[in-house]
Amino acid sequence: MIQISDALLSLTLLSVLLSLASNRLMALVKIMAFQGIVVSLIPLFLEHNDGMAIGSILFLQVMLLIKGFLIPGFIFMAVQKIKIKREVEPIIGYHASVFAGLIFILISAYIADRLHIALPDEHVLLMITAITTLTSGLFLLMTRRKAITQVIGYLMMENGIYLIGTALAKQTHTQFVVEFGVLLDILVGIMIMGIILHNINSAFDDVDTALLGQLKD
Amino acid sequence: MNTLLLSLAVIFAGGILALLFVRQFTLMKLIAIATMSAGCLWGLSLTLSGLFAPTAGMEISVEWLHLFTLAFKVDSLALFFLLPVFIISPLVLFYSFQYLGNKNKAVRSAVSYFLFAILVCSMALVVLASNIITFALAWEIMSLSSFFLVVYDYEVQSNRRAGYLYFIFAQGGAMFLFAAFALVYSHTGLMDFAAFSQIAEPVKLLVFILAFIGFGSKAGLFPLHIWLPQAHPAAPSHISAIMSGVMIKMGIYGIFRVYLLLEAPTPLIGRMVLIAGMITGVLGVVYALANQDIKKLLAYSSVENIGIILIGLGIGMVGVSEQNQAMAFFGFAGALMHVFNHSIFKSLLFLGAGAVLHQAKTKDIDQLGGLIKRMPTTGKTFLVGSVAISGLPPFSGFIGEFLIYYGAFQGVSEHRIPFVLTVLAILSLAVIGGLATACFTKVFGLAFLGEPRTRQAAQATEAGAGMGLVMVVMAVACLVIGVLPEPFIRLAFAGLKDLSLINTFDFSPFFVIIRQVSQTATLFIALFLGIGLLRKFLYLKKEIGSSGTWGCGFTQPTVRMQYTGTSYGDEMVDFFRPYVPIKRIYTGITAIFPGRTTWDIQVGDLAETYYQQWLAKPLLRLLERLHWIQHGNIQLYIAYIILALIVLLFLL
Amino acid sequence: MESVLAFCAAVLIAPMLPAVIQKVKALFAGKQGPPLLINYYTVIKLFRKGSVYSTSTSFVFQLGPVVGCCTSLMMLLFFPLAGTAPLFSFHGDVFMLFYLMGLGRFFTILAALDTASPFEGMGAAREAFFSTLAEGTIFAILILFFRFSGSLSFQEFFTGTNAMNIGGEHGALLLLVIIALYIVMLTENSRVPVDDPATHLELTMIHEVMILDHSGPDLALIELGAWFKLLFYSAFLSQILNPLQLADPLMNGLLFFGIVTLIYMSVGVVESITARFRMNLVPKFILTSFALVFFVIILTMELIQ
Amino acid sequence: MLEFTCLLPLFTGIIAMFLPVRLGRGILVVTALLHLQLAVLGWLGKVKPALTGYFTVTPEGMLVLLVTSFIFLFISIYAVSYMSETEIASEPIYIGCTLFFLATMSMVALADHLVVLWIAIEATTLMSAPLIFLHRSKSALEATWKYVLICSVGIALALLGCFFIVLSMDRGNVDVPITFSSLRQVAGLLNPIWLKTGFIFLVVGYGTKMGLAPMHTWLPDAHSEAPSPASALLSGALLNCAFLGIYRGHQLMYEAGLGDFSSQILVGFGLLSMLVAAIFMFNQTGYKRMLAYSSIENMGIIAFGVGVGGLATYGAMLHLIHHSLIKSSLFLSSGNILLGYGSKLIDKTGNMARLFPKTFTAFFAGFAGISGFPPFGIFVSEILIIMGAFQQGWTVSVTVFIAALVLIFAGASRLVMRMSFGSYSGEILVDENLARTLPSYALLLTSIVLCVWLPDSLYQTIISAIATIGGGIHG
């Protein structure tokens, strides 16, 4: 079991680094789908969740559906529909981004070390992964030009937060209504972003955020 | 007290009625003016009876918002400051009947009457307020209503600018007041004015300084005066009259009230007020001399008179801290007397200026001239006002200055700093007096005497009889107070009777002097009439010729050759040059046979220039640069969030 | 009774004294000069005449001479002349009197501006400016006198044990005051070196140019006012200069008018040996007087403490 | 079943989406009326929430609910007239989303569970987004994009904050439901470090929504591009809801004995917001942007007041009420101005005093009110905050506070005067009418009435709301 969760976490880290390095939108979307699936699976393989209730298994399935398929599928459709250029167009280059990702891992390791919470061993890695995912998500948000990559960044950030929640809290997984609400929010959020993206594309003929800098003082 | 508030209710009702009758222009004006005047006169009778009643200090308090009490209290000082409110208001209202004659502006006039009513009520409430919140409330209503009255003619760009400036100074000043009040509250936990005396000595000084700035910005203290010369020309003349004659005195009231509430604070306060008064007075009159816009000039003259009043207050305060009862008493009494007198003659002058503006369509005295021949009533009353405001006997302005001089001379026997300060105060009063004479001879001499400089000035005719009547009443008042000052001085003394600092002082011997002042004035008038008769007699059956003015050899004099106001004041203004920025524009003579050339003198305002240069411009430039924050770039915005987060996490 | 006599004598003699100045000046110039009584002739001549008024003027123009003459007379009424008590006096009368003089100036200036003449306007501006400066000196002197004697009227200044004269306690300091007052006198009465009544160029005049358009009895009133004013200032000076208080009123009177005459002669001497200042030097000249008195005031801080 | 305040608009919203426009408008107003009645019932304590684990009645929550419901009624009346004047492509969606928006805001006001609160606040973002890009113009799209993205990112951080608070519970070995009410009872046992961290994330997260600088960046864009009724809702109601989230966190901190820490953060954010607002009040080009920055300023004032504590908290609560009333009134007036002049630029307007006397009166009165002139309530709240700040010894901060107020006033009054009295030579597109001015007047009048007479229950509610953070009228 331990090995599986570790492997999953490593896969998550890999997906993060890949997303930082990828220069194709389609690839990025696929990576996100992959990451969603992996992240959804992680709680399943964590040690203390052995005695999982039926409800939580059900919930995990729903989450897998939403994170792994619905959301990426939605973005996938959006990318296809709006026929944008495939290039990701970073503000900071791919190599530098990957390098930054590595630094994020280092920082995360440092933070996780300094947190002074007696986490179970495997949770340390979970923590590192979570923080890296979160920071990389924010990094994507800040360094990518295309609006759609920002959605992906936001998604990645949410994944990170979800992982942190998994790592830290025992209670959060007991109230599925609440969990489901969060998930629903994110889903609707992504949908609305998609709709706006669609509108932006038809209004500007592009989804470059450089075009979205007209409102200023 | 209840009845006093009822009289305010009547005034307010007058304002409401003006709004209700907006469709009938003349009727609206009649009803509004009649109701408000009735309220004012009722209030005046109550005030007068209160001033001479043996007991004072009635209080009323109402619960407000569960948290505050709205408390009103009558004491002699409050009653005294009610006098100008109730006297000047009906007079300028009568004036406004003809002045606001434009039927097309019916709605605006109605609103202006409504706001006028609010202004009068709020001024009365300011004076009656006896706790922090009540005072602040009335103060803010006063500022707001007077702002709208200033922008009555908002179509004119400069009026809007003036209103804007006034708005900022009013609100900025109010903020200083709030800070002062809040500071008191923070030390006592009480909102009542009585709590002011409980705070510690150093805090008292700070409270007073904050309040002094706050009230000073309303009163027109140098360098917080710059809204005055802008706002007064902008407002309609009857509004300028009430603002300059009455409203700015509320600032004086506030300074005086806070001083009294603090009870025997440090000597520093009195010295500060005295020095501020000297600077304000002298620079006010110098700027008045330097300006040619008649209403602007009058506004600067208000600054000057605020300076004189502050000198009086300062003398009184120094007297209190030196335990010199006579000095304290006459200083305060002189200040009060001058408040009263100034409210009358300054209103008179503004109304006169309004009549001139109404008829000749210009405020620039270099465009006027010879008006006295075509506007005799306005001219004569304006002459009386000019003499009075220059502080010359036998008119009212002298009485206040006499009291202040008298008080100040009591301080000459002091030592060290109080002595030096009183000496400087006396000297600055003397200089102010001289310059005021120069200033008002300029206004009257150039605007009303000589030959008209423009066609408009030549075609001006007397304004309405109603307007004239109001001015005549005011002019007569100036003369009566000057010749028979005793009852009015008793008023001022009555205003001081509730002041525990000085109410043990026996002022009865002073009335001997006042009676002699009165006799001297009478003697002078008798002598004047005597010599006048002699002159009449000498001219009996004499040949009276008339011809053009002797041109000193120049055979074709034109009206444009008359001395201008700019040249008249130039030498005197130049004397104060470092404190008065003068710009001379001279195109020079370029050819052997000189063609057209210009020579112009522009006088700025030191305070305004400095505000522009050191405050407004750098601030605006800084803010302009900081606009970069809202860059429009979404990535940057997200970075802000992260940055805020990181900074906060470092606080852990 | 003595006071009335003294006042009448002063009023009667006032026109003669300026002739003394002219006489002195003439002597300096090696001329014979006009007779001492010339001013009486002038007044009578003017009184007989009619007037020509400028079409530009209004009633204010006619008010000027009357008010000016009145205020000067008021000064004499309140001043202790020839060692007698003044006709009127009260504690604080000095403020009123100097302000009344301001009133006189106010109307003189207005009368000048009423003519619409550029020259008269210029003279008026100068008059207003210089007398404002002189007013500072006068009030400084009043402060000083109050500090010495605690009194605020002319009568109190010069009577009693603490009388203000060079023979008294503060005589030495008063010397400076005398110089200052002398300067004020020259200024207020438009004498050389501030103004030259004998000049012919209107551009350089102060007082004379203001009354260019007055004629007949009006001019006479103005002249009378000016003479009274000059007499007042020299009487003021003479009171400070004169330490003696003789028992015999007649002797007192003679002594007083003697000193006054001497002062007039000194004015004549000054006018003969100095030239008019350039206009821009005049303020400095007047400020000198102010500085002198102010200096004395500062000295008193040390003396009296 | 106080949850009906959420369910009712949700339900009617869905219905309205499928009904013809005219009927939808009716539904909007009727729902608003019913909602107000429900809110009043809840206020009076007649109706209680059923799902006690997730929802509860708190004084501050009821305050926000009542204010929201009250201004929603007037805004909906205005919106009916406004919509008939403008061409809106998908009006049913607009009506539906408006109602959903109301539902989510009610949910915020009632939420007790940490994550439910988060869900509700995030939902307000999502439900209000369609309102902003209603016009589908480029700038509206941009504004919506920024709004959704920035708020989502910010609020995601707040979720993290919730996790941290839960963690602090774990670390303190406390096991209670994750609701604010139960957490507050055990606040002393919570791990302070994690609680502080949680609060920081909450403040940054909900602060983004509330418009505290430097997270305010979306606010001017969204408020200026949204149609005026929506702007009024955003400014008058939504910001309060976000504030509620922060307030709940502050309560928790106070109970845990960390009130000083959270106070300092709030005061810091408050002052920064005011200063940022002051910067953009000068040389501002759009009047709706100006109003938006004024909202930032007022949110700063509220944060400052709450942070200062004591008397100032009372002032802050009053400020919240009056700001909602006055600012929504101002936005409604700005809608009339936009209709009349057809431009959001201040330079393209002018002479309102002559051309739109009714709107001018409402607009200028609102401006005077928002600047702290009596008889509007902000006068009282500001003076209370200043007094409270002095009393609590925040001398330097209150100096900055006052300076910022003066600066903002100087900047804003210039613009307002330009609009009101400046010259205008163009033509008038749509004249003002009564249906579109009366709501503004009603809101302003409410502020005046509340400044003259504060109902006892309102007073008691405020007192009990601020008692939880140590505020009170006696310091």
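Each chain carries a letter (A, B, C and D) given by its place in the written order, and its residues are counted from 1.
Following the convention adopted for this analysis, contacts are C-beta pairs under 8 Å (C-beta built on N, C-alpha and C of every residue); 3 or more make two chains touch, one makes a residue touch a chain.
These figures come from a predicted structure and were not determined experimentally.
In terms of the stated touch criterion, the partners common to subunit A and subunit B are D, listed by label.
Here A-D and B-C were compared by C-beta pairs in contact; the pair with more is B-C. Between the CA-based centres of subunit C and subunit D the separation comes to 77 Å, rounded to the whole angstrom.
For the pair subunit A and subunit C, the distance between mean C-alpha positions equals 99 Å.
The distance from the centre of subunit A to the centre of subunit D, each centre being the mean of the chain's C-alpha atoms, comes to 31 Å.
One finds 35 Å separating the Cα centroids of subunit B and subunit C. Within subunit D, the positions touching two or more other chains are listed as 145-146, 149, 153, 220, 280. Shared interface positions of subunit B, i.e. residues touching 2 or more other chains, are given as 627, 629-630, 634, 638. The set of subunit C residues that touch two or more partner chains is empty. By the document's touch criterion, interfaces exist between A-B, A-D, B-C, B-D. Subunit A makes touch with subunit B in their complex at residues 91, 138, 141-143, 150, 209, 212-217. Interface residues of subunit D, counted against subunit A in their complex, comprise 54, 113, 115-116, 118-119, 122-123, 125-126, 129-130, 133, 136-139, 141-146, 148-149, 152-153, 156, 159-160, 163-164, 166-167, 169-171, 175, 178, 220-221, 224-225, 280, 284-285, 289. Residues 627, 629-635, 638-639, 642 of subunit B are the ones that touch subunit A when the two sit in their complex. The touching residues of subunit A, counted against subunit D in their complex, run 117, 134, 138, 141, 147, 150-151, 154, 157-158, 161, 164-165, 168-172, 175, 177-179, 181-182, 184-185, 188-189, 192-193, 196, 199-200, 203-204, 211-215, 217. Interface residues of subunit C, counted against subunit B in their complex, comprise 47, 49-58, 60-62, 65-67, 69-71, 73-74, 77-78, 88, 90-93, 95-96, 99-100, 102-103, 105-106, 109-110, 112-122, 124-126, 128-129, 131-133, 135-136, 138-140, 142-143, 146-147, 150, 152, 202, 212-213, 216-218, 221, 283, 297, 301, 305.
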